[in-house]
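Letters A, B, C and D name the chains as they come in the text, with residue numbers starting at 1 for each one.
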Amino acid sequence: MKIRFPMIDEPIEIQNGTVIVFSNKYMFTRVVRELYFYSEERSLKIYEKDFREVKNSDVMIVTDILGYDVNSKNVLKLIYEDLENQLNSKPEVKTMIENLSSTITDLISYELLENELDLEYDEITILELIESLGVKIETLSDTFYEKIVEIIQVYKYLSRKKLLIFINSFAFLSENEIKSIIEYISLINKKVLFIETLALDDVNYYLIDDDFYLSRHE
Amino acid sequence: MKIRFPMIDEPIEIQNGTVIVFSNKYMFTRVVRELYFYSEERSLKIYEKDFREVKNSDVMIVTDILGYDVNSKNVLKLIYEDLENQLNSKPEVKTMIENLSSTITDLISYELLENELDLEYDEITILELIESLGVKIETLSDTFYEKIVEIIQVYKYLSRKKLLIFINSFAFLSENEIKSIIEYISLINKKVLFIETLALDDVNYYLIDDDFYLSRHE
Amino acid sequence: MKIRFPMIDEPIEIQNGTVIVFSNKYMFTRVVRELYFYSEERSLKIYEKDFREVKNSDVMIVTDILGYDVNSKNVLKLIYEDLENQLNSKPEVKTMIENLSSTITDLISYELLENELDLEYDEITILELIESLGVKIETLSDTFYEKIVEIIQVYKYLSRKKLLIFINSFAFLSENEIKSIIEYISLINKKVLFIETLALDDVNYYLIDDDFYLSRHE
Amino acid sequence: MKIRFPMIDEPIEIQNGTVIVFSNKYMFTRVVRELYFYSEERSLKIYEKDFREVKNSDVMIVTDILGYDVNSKNVLKLIYEDLENQLNSKPEVKTMIENLSSTITDLISYELLENELDLEYDEITILELIESLGVKIETLSDTFYEKIVEIIQVYKYLSRKKLLIFINSFAFLSENEIKSIIEYISLINKKVLFIETLALDDVNYYLIDDDFYLSRHE
């Protein structure tokens, strides 16, 4: 996948954790706006190997790390499916849960008989138990580092998304945290782009300077 | 509680199961319309002992017995509260359910640890178990008789409702069923009115004849 | 379209306004229940000329005439489409409305300029004007006769519905009203079935008597 | 209104546009987290003159400027009320709109008469016209500067909010834009706080340095 900025001739290859630093603030804000309003009519282009343009809906942009809600309906649905599959692969645990749940059903159904109304009921499914437990990604006490890792994991879950872009996120991370995050991204093999204003010593990056000159720093 | 019809001088006392038969079809349909559009501006009046008018929102009118949805949100909420109270009064059963539910929570929480995401969860409450069981009033295979009994029970549950009116319901019931329903109503001590077109031998009723003459038959 | 009752050998042809009278109350209530819970597994059968069974979702059953809500989302959508088409066929009226609406837009847009916020707006469509007018079927002051006619018109609108069944509706109608309704149905050419308990002199009907004997009365 | 950071003895007075710069990245991210999870149990405190703590719900935090949705239901409701009041203060314009709208109503109502259904309608209100116009704050083509000004205007609209905090927003603004925004804030007389990592020459700010030493720069 490649990104081509207006004013810069050469496109940049987006890999698993590509950092682009803009030394010029005007250029930086202009590029961020292009990314936010990214569409086929815009001058900034993101395209796949076969030159097909990446759709706006395939891109996730994150500026507000702590404010990002990872527990969307879609993500929770995928987590619950994961947990169900995990239990399906452990028949003995699943059977234990089903037996316990069946005993609860029996106990409550005796009580239903005492009611003056003619009450009916179905069964308690594993999914309903997971939902009743209110399972979700824990984020309340997260640091910026932990939350970014979770956003990347959620991006990995959302298989339809093709590109995750963080804007100015290095302002909230130490150098060690940034290196650790880029290592983590390289493991999951998905495209992540960091658009930044400040360069770092120990991290590879592309620099676009005040004269719109592109250089690579490794 | 009393009901006063236009054209009839004397009001009729509504008790636990009062039957009013109209021999005149025009009068019958006119009264039914007055009941449907019942409001303070109408000529038909329903009022309490102290002459305060009964509000439209306090009256339940049922014509379509089989089509009546007894499982409204309000009713289910009351049923679930009932079941919770019932379990609170049986601490040993409640403790058994809570222990089983706590074991399920432990088993699932072990699985959560294996997930790459940092997942959190709360507890499974008794109410959530009841909801997961999908407890509701069974109505699918009901006869007219069974469904009417359930509607009366639901009316009893909805303590804010002050009057339940059935329109032409005797068309769907045998004489024995009608007698049994009226006996049942007398036990629960709530006001129920039947507006009918045909008299019955063994049931007390008021008759309003073609000359708007009111008579009592016991 | 034909209906075959359990216990009766011969099926009955359903036409535009077919009346079936049950002299036996037990048989009547049983048939009504079969119609309410009508499905392919049931013993009561409704089928098309080619013996394909009519689906439950193609049948509309009405017992509670005054309580029936004719202004469903579907019906309103169809009415609004009708009105839009009607206006499209009268370009001069449509143009008048559009010009008036455009002048309103201009007047309000001047006011938007005075606001400290940078406000945007789109245009006022004909559909939005119809919705703002709150156009809907008037039913509040309806008699049973008027409401039944409206239910039949709504049934005609809902082209996917194949059969409309009224249960015990003659209790609320005079003989003249019934004849007028059956005439109206014959004009719109859609299947309507009346399931009744009392025969009428001047209306053709099928009678199913206490011995489950079927006879035709014209 | 004052803010007291953990580790810093002296509280800082929040005025109409107060800038606090943290030279230490660890301290910066810790403070931002405290602000995001701000509550009475936290060590960071924000309080009014009378030492009453400012509630979490009274604070608006904005990190993602371009992604911030200014057109919330609340804001649109306030804008529509504003426009209605504006029109009420110009009776001649309001009367013109009402007359045009009344003519539209007449034209459509003639069409309703032609429909086979008995249709009713109410009137088109000024509010319905504004809603049909889809009036909202224009943001699609906004620069960071324009969007920040709109967020501040929206904050002014939401009279219940007592404090607006921007996190790291200077990364997206030129010095002239920042000065212009701070001037604008001083005019509307509401509390706005900027939490930043880089100092600016021409803007007053508080600096918290690596030794947690607080200094004022004017």
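A few remarks follow.
Basically, contacts are C-beta pairs under 8 Å (C-beta built on N, C-alpha and C of every residue); 3 or more make two chains touch, one makes a residue touch a chain.
Note that the structure is a prediction, hence the values are computed from the model and not measured.
The chains in contact with chain B as well as with chain C do not exist; no chain meets both. Chain C and chain D have CA centres that are 50 Å apart. Distance between chain A and chain D, defined via averaged C-alpha coordinates, is recorded as 28 Å.
Centroid to centroid, with C-alpha atoms defining each point, chain A and chain C lie 50 Å apart.
Residues of chain A in contact with at least two other chains: none. Judged by the touch criterion defined above, the protein chains form a single closed ring in which each chain touches exactly two others. Taken together, the chain D residues at the contact with chain C in this complex read 79, 82-83, 86-87, 90, 93, 96-97, 100-101, 103-105, 107-112, 114-125, 128-138, 146, 150, 153-154. Those residues of chain C that touch chain B in the shared complex are 25-26, 28-29, 32-33, 36-37, 61, 63-67, 140-141, 143-144, 168, 171-174, 197.
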